[in-house]
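Listed below are the structures to be examined.
Both of the next two complexes hold subunit A, though its partner changes from subunit B to subunit C.
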Partner chain A sequence: MEFYAELLISAMLVLAGFFGFVGSFGLVKLPDQMTRLHGPTKAATLGVGGVLIASLLWFAFFGDHYSWHELLIALFLFLTAPITGLMIAKVNMHLTWSPDELPHCGEDKHWATFGNSAERSLMDSTAEDGKDERDHHE
Partner chain B sequence: MIEYALYFAFACFGIGQLFCLYRVVFAPGVGDRVLALDTMSINMIALIALFGILHDTTMYFEIMMLFALVGFVSTVAYAKFLLRGDVIE
Partner chain C sequence: MIRRLFPHPYLSALLVVIWMLLVNRFAWGSLVFAVILAIAVPALTEPYWPDRARLRHPLKIVRYCLMVIYDIIKANIQVAMIVLFKPNRNLHPAWITIPLELRSPEAITVLASTVTLTPGTVSADLSQDGHALLVHCLHAPDPESVILDIKSRYEDRLKEIFE
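Coming up: the complex of A and B.
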């Protein structure tokens, strides 16, 4: 029984380490701003989830008492990863696309980040360079 | 057996952390830099969890929780600042 528990925990640790490595490697390797979002928001989150579940199992099998602490953190990370991905994708669109290129949002208004209420972002001066880079990739 | 798996995971996440550091320093755009910082905080949570297994202590739970909360809030605040020019309007 103990052997199988160790085997399970070791397998989870190795898999989680592999996924975490792939997630961080994708951040360096992938060619495009938007594709680079995929590595950290999916693979790295899965890797961290695996490590946290392995930690949960370790303390359940070999610790003094078991608790659901790690599951709480894993759940929190799985909930927040898509939100960070969305926010950073919006930042990329805001900084590299001009307002005319954006798809119509279905109402009579423009996108909120380009509306009248939005202040001019400090980074807007680099929008032209980013556009050139995106055209180059296409 | 579990020691070797632990060391393997330590190596994976440590190298991943170095990749993220490279991306923070040599980022082509500011979005990549924010993303790399967020990934660094996520990898750090994994490293702390592995350290907790290695030393057989549950003491590091609160640190992991704080890393998760602060990493998420700081990423969203940075993205909000870049989008709207302000964090709290």
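Coming up: the complex of A and C.
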């Protein structure tokens, strides 16, 4: 039993290491800044996720008591990783892309990064009357 | 009274759970402190989050999370293959525009985060009035199918949950 538990934990660690490696390798190998952004977002999900699962299992099998901190790490990671990605993407857009190179954004005038987005915020209108107000403006 | 004490009931519940997980073992004292936090934090942050997020089907969140985790694993393997074995000249990165039907800011935030977390796509920007999401794809020979995929897999389900 103990052997299989150790095997499972080691397998998770190796898997996590592999995906962490792929994420970092992507950072080197991919051609431009926007595609390079895809590398770290991967390492953050499966790579770190694998280590967390291994840690959960270790505490469940060999620890004194269950540990729940791993769930929190996963939660905070899932909250912060997309925001970091978004910020890096926005900086990239400002530095290396002009608005005409990006696809058109449909019914609005600009993407928020390039347009004058201070005009009106989504948060200004309440959820209930949001639709009506928006119709009035347009 | 209840409404003033708990302007964001889901946030309060989440804070209690997070605090108890942080403490890592059950004690009544920690529970009391968790409840104090659950009242104080939403009250302090209320000016920045005036609307109450409405959840129509809170239980469907569990199903959504499981589906996203499955997608993350599947997409991770696909992207690992692309990174390891596909030469850069065969790579077709693309910008795509996803027209949004979701209106609530919370739902759009969840959708954008999901898109970033599922590897192969990174959400880069929102249009000025929140009607479209700009997404960068690592490898999308057929951008239309990616748009349809995101709309049917994630947006429809989020619409069920939030609206």
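Note that the second predicted complex is superposed on the first by the 96 of 138 C-alpha atoms of A that agree within 3 Å, B and C clash if a C-alpha of one lies under 4 Å from a C-alpha of the other, contacts with A are read in each partner's own complex, and residues count from 1 in each chain.
One rule holds in what follows: a residue touches a chain if its C-beta (ideal position, glycine included) is under 8 Å from a C-beta of that chain, and two chains touch if they have at least 3 such contacts.
In this text the structure is predicted, and so the values were computed from the model without any measurement.
Engineer: Just checking: does A:L13 make contact with subunit B only, subunit C only, both, or neither of them? Give me first, second, both or neither.
Structural biologist: first
Engineer: Applying the document's definition of touch, where does A:L37 land relative to subunit B and subunit C: first, second, both, or neither?
Structural biologist: A:L37 sits against subunit B and subunit C alike.
Engineer: Thinking of the overlay built on chain A, is A:F25 touched by subunit B (first), by subunit C (second), by both, or by neither?
Structural biologist: A:F25 sits against subunit B and subunit C alike.
Engineer: Applying the document's definition of touch, where does A:G63 land relative to subunit B and subunit C: first, second, both, or neither?
Structural biologist: Touch status of A:G63: first partner only.
Engineer: Determine, under the contact definition given at the top, whether A:L75 touches first (subunit B), second (subunit C), both, or neither.
Structural biologist: Second partner only, subunit C.
Engineer: Figure out whether A:A54 sits in contact with subunit B (first) or subunit C (second), or with both, or with neither.
Structural biologist: In the superposition, A:A54 touches subunit B alone.
Engineer: Between subunit B (first) and subunit C (second), which, if any, makes contact with A:K90: first, second, both or neither?
Structural biologist: A:K90: touches subunit B and subunit C.
Engineer: Considering each complex separately, which residues of subunit A are in contact with subunit B in the first and with subunit C in the second?
Structural biologist: Subunit A residues touching both partners: 18, 25, 37, 39, 45, 67, 69, 72, 81, 83, 90, 92, 113, 117, 119-120, 122-123, 130.
Engineer: Can you name the residues of subunit A that touch subunit B in the complex?
Structural biologist: Its residues touching subunit B are 6-7, 9-11, 13-14, 16-18, 20-21, 23-25, 27-28, 33, 36-37, 39-40, 44-45, 47-48, 51-52, 54-55, 58-59, 62-63, 67, 69-70, 72-73, 76-77, 80-81, 83-84, 87-88, 90-92, 94-96, 113, 117-123, 130, 133.
Engineer: Hey, which residues of subunit B end up touching subunit A in the complex?
Structural biologist: Interface residues on subunit B, with respect to subunit A: 1-2, 4-6, 8-13, 15-17, 19-20, 22-23, 28-32, 34-36, 38-39, 42-43, 45-46, 49-50, 52-53, 56, 58, 61, 64-65, 68-69, 72, 75-76, 79-86, 89.
Engineer: For subunit C, which residues are in contact with subunit A within the complex?
Structural biologist: Within the complex, subunit C touches subunit A at residues 18, 21-22, 24-25, 49-54, 72-73, 76, 79-80, 83-84, 88, 91, 93, 95-97, 99, 103-105, 108, 112-113, 116-117, 119-120, 122-132, 134, 136, 138.
Engineer: Under the touch definition given earlier, write down the residues of subunit A that touch subunit C in their complex.
Structural biologist: My answer: residues 18-19, 22, 25-26, 29-32, 34-35, 37-39, 41-42, 45-46, 49, 65, 67-69, 71-72, 75, 78-79, 81-83, 85-86, 89-90, 92-93, 102-113, 115-117, 119-120, 122-123, 126-127, 130-131, 134.
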